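Below you'll find the structure, written out as structure tokens, and then a few comments.
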Amino acid sequence: MSEHTVSAYDEELTEMAGKIAEMGGLAEVAFADAVSALVSQDLELAKSTIANDERLDNLHQEVEMKLVEMIARRQPMGQDLREITAASRIANDLERVGDLAKNVAKRVIAIDSGLNSKKLAIGVEHMTELALAQVKQVLDAYTRRDAEAARRVQEADAEVDAIYTSLFRELLTYMMEDPRVITQCVHLLFCAKNIERIGDHATNIAENVYYMVTGERLPEDREKLDETTGAV
Amino acid sequence: MTDATLPPETAQPAAKTPMQPKSLYAIDDLTRKRNAAEKRFQAYGITAIGIGLFFLVVLAYAIISQGIPAFSRTVVEVEFTLTQAQYEEAEGTLFKTRAYEEIFIGALTGQLQDSGIETPVEPEAIERIVGKPGGTIREFFRENEDRLGEPVQFDLAASSRVDGYMSGRITRESMTDSRFLMKSDLDLVDNLVEAQVIKTVFNWPFITGADAGVDNAAAAGIGASVVGSFFMMLVVLFLSLPIGVAASIYLEEFAPQNRFTDLIEVNISNLAAVPSIVFGILGLAVFIQFMHLPQSAPLVGGLVLTLMTLPTIIISTRASLKAVPPSIRDAALGVGASKMQATFHHVLPLAMPGILTGTIIGLAQALGETAPLLLIGMVGFVARGYPEGFIEGFTEPNSAMPAQIYTWAARSDLAFTEKAWGGIVVLLIFLLSMNILAIILRRRFERRW
Amino acid sequence: MNEMPSIEQANAMSDSKISANKVQVYYGDTHAIKDVDIEIQPRSVTSFIGPSGCGKSTFLRTINRMNDTIDICRVEGSIKIDGEDIYDPKVDPVQLRAKVGMVFQKPNPFPKSIYDNIAYGPRIHGLARNKAELDDIVSSSLQKAGLWEEVKNRLDEPGTGMSGGQQQRLCIARAIAVSPEVILMDEPCSALDPIATAKVEELIDELRENFTIVIVTHSMQQAARVSQRTAFFHLGILVEEGPTEDIFTNPKDKRTQDYITGRFG
């Protein structure tokens, strides 16, 4: 895309995209750290993850202010307008991803007693890998303005949901087998739910990236049913 | 300044050194030069205006000082009573006018004696001073027999020499004795002035009268030619204004832009520059020789001057039409006015002040034009039928002010030169009043918006 | 009879008020407008945007044949209003302009009283039989233009003595007074301050109920604010035409995109 007649506008847009990418990086790291703290029961890592979330929140506020300022000063139109509104929504999603990661890290402290069975966490780890890959891909799609990649991310969300459903059943089985793990399993279940939500946010971002690039809404052909409701 | 201490290569790029804030109190050389140039130019302008004003004052002084004498005339004012017996006796003599003259001289001497002046009054001297008064007196009483026996005052025009003496044109030193006036007569004139028999009064006959013969400068008046000029201006106004305005509107608003209209435009501009004498010849050839219109008539003069004025009016009208903002035309067309409605309802009224100015300039030019009038014969002096026959004066022979002035200036008698200056004053007053009328009209048009 | 409104509505929905087909405009040898096809919906606001010299004003002026006043201007193709070709030899441009009013860039009230400004059009078209009817037209036009309250006590004062925004609304009222069906506006707010602009825009939005409005504007924000459909002109070509929201959020053509985002160069 050619440059704006007003070059300061271009600089602002680039700076804003940079900030979003930075937020994305922070959110990604927070998510990965939180899960690894969960899996390895690393309290220190969990605490630092919680502490780091503040940076993400600050960055989010900064981006929001910048966006409002740009709308006021530049009156964006067309592509720019889409980019700015998408950036605003993506920043929101990333901030939520950060919050969810923080929530997971908090549970690490709450579990505290430790997971006495590593096998419980394996499912969560697997799900994390997938969700993390989603986040990575969607951030990639954002920086490369790749509508096709964004569409693939949206499609892949079904997989995360499917894993969540199976994990739910698995944890339910454990709890039925051994009531002593109920507390742990409930915590894990909440973590899994958070991870699933992170996947949803990645999907949101993907939709926004798609709109930003093409100007059209991504068709939501898949049914968003929570399959866990009918599981019991 | 630190510049001197800097090496030359660092001193050169001025842009690199940070801008020093300049004080607004210190006036730099360039500004000073510009201010001086501005002052100089203003001085030139004032000088130019001064020179112009100086010449205007000189001109006005010359015209007025030379022209004023034409507005006064010298009369011999004698009052006496002619009895029925004296009348019958005078009518009985052989030289009837001589008898009246004697009565007149007697009355004159009586008036002198009343003022305590004793001086011999020779009939020859009286004749040189007032012409032959007997004829005038006899004629008056023959026509007004009922005035016999009562006191009657006669204002008899003094001869132009006496007139000149009174106005200072002729002095004792400059004059030589001639059959028109002797030096000795001047003593009598002085005495008569002292006795208030010879008086200087405002010269109404000059304002209202017609031209007189070459030997009778004192009787010559400009009135007839004022009327002639007025008639011509009417003809010019009523022909050139509608024709000129119609032509300009067509050319400016309706005519297509092509070679033909370009040609017309060029020719109109050229016409404005054609010498007026050419129009005179044209008038002579077309109006008089071909169309057989009456010679010397204001109608023909008006037609010729119309031809001359048209280009001026067309050019100024087109300029003022052009000056009307196109947005007004757009506005009118935009609400569905036809082109003609747009022009006549909106454009023309807005252009009116400009058109009037152009018309007045054209008329003023025409009023002062002499050359074409000479060629169509509007120089002849007119006394016939004046002032009664002048209502239908468009086709009657007449003169015009500038032509009349020219005729007077060309005559040998110095008294006519004085008349010429006086004529110029009248012409200028005529022009001024025309311009004032135009200004008033223009104000009224402007105030409507 | 009851069906009449619905039929009209149906027509209004389906038929366009103005339909241009392969319109070409030449100024002498210059091909100013090339192959413009556009359908303009009735009772809506359509805005023409584009860089200076793109032909949007020229095209606007072909709709009421204002270009006829320019000798060297030549129009080809067809422009139909309600299915009638306005360039048909049978059509008198004066009659056309009563049906298609125009408001210009610079407020150009006649140098006459406010009353006479409005009354001029109805007078020349014989819309009023007497003074009372004329008074009615004047007051209702001023009311429709939202100017009545401001000027009702000074109708005999000159129109040129009003503020710029009032003058422009007076010009709009003057256009309305001859009851046109279409009102063309050529950058009507370019000489106005933002408050006056807002008032004119509000007026345009109200007029949409009764008139078909076509507006040329340099301000994309204005086009976005007032119009339902927007057409983008570039170099004499109609590049893109569509619902305003689409043009300003997701234009199909790269040239439109570049123009609205400020990337022209």
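First chain written, first letter: the chains are A, B and C, and each begins at residue 1.
The criterion applied here is as follows: a residue touches a chain if its C-beta (ideal position, glycine included) is under 8 Å from a C-beta of that chain, and two chains touch if they have at least 3 such contacts.
What you are looking at is a predicted structure, and each value in this text was computed from that prediction instead of being measured.
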Practice item. Select the chain whose centre, defined as the mean of its C-alpha atoms, is least distant from the mean of all protein C-alpha atoms. Key: C
Practice item. Considering only C-beta pairs in contact, identify the chain pair with the most of them. Key: B-C
Exercise for review: Compute the distance, rounded to whole Å, between the mean C-alpha positions of subunit B and subunit C.
Suggested key: 58
Check your understanding: What is the distance, in whole Å, between the centres of subunit A and subunit C, each centre taken as the mean of its C-alpha atoms?
Key -> 51
Revision key, fill the gap. Between the Cα centroids of subunit A and subunit B the separation in whole angstrom comes to 102
**Study point:** Per-residue overlap in subunit B, given as positions that touch at least 2 other chains
**Key:** none
Point to revise | Partner subunit C, residues of subunit A touching it in the complex | key: 1-6, 9, 74-82, 214-216
Revision key, fill the gap. Seen from subunit C, its contact residues with subunit A in the complex are 220-221, 224, 248-251, 256-258, 260-265
Study note, to complete from the structure: Per the touch rule, the subunit C residues reaching subunit B in their complex are 64, 66, 69, 71, 94-95, 97-98, 101-104, 106, 108-112, 120-121, 124-125, 158, 160, 171, 174-175, 177-178
Revision key, fill the gap. As the complex stands, subunit B meets subunit C at residues 256-257, 325, 327-339, 341, 345-346, 350, 449
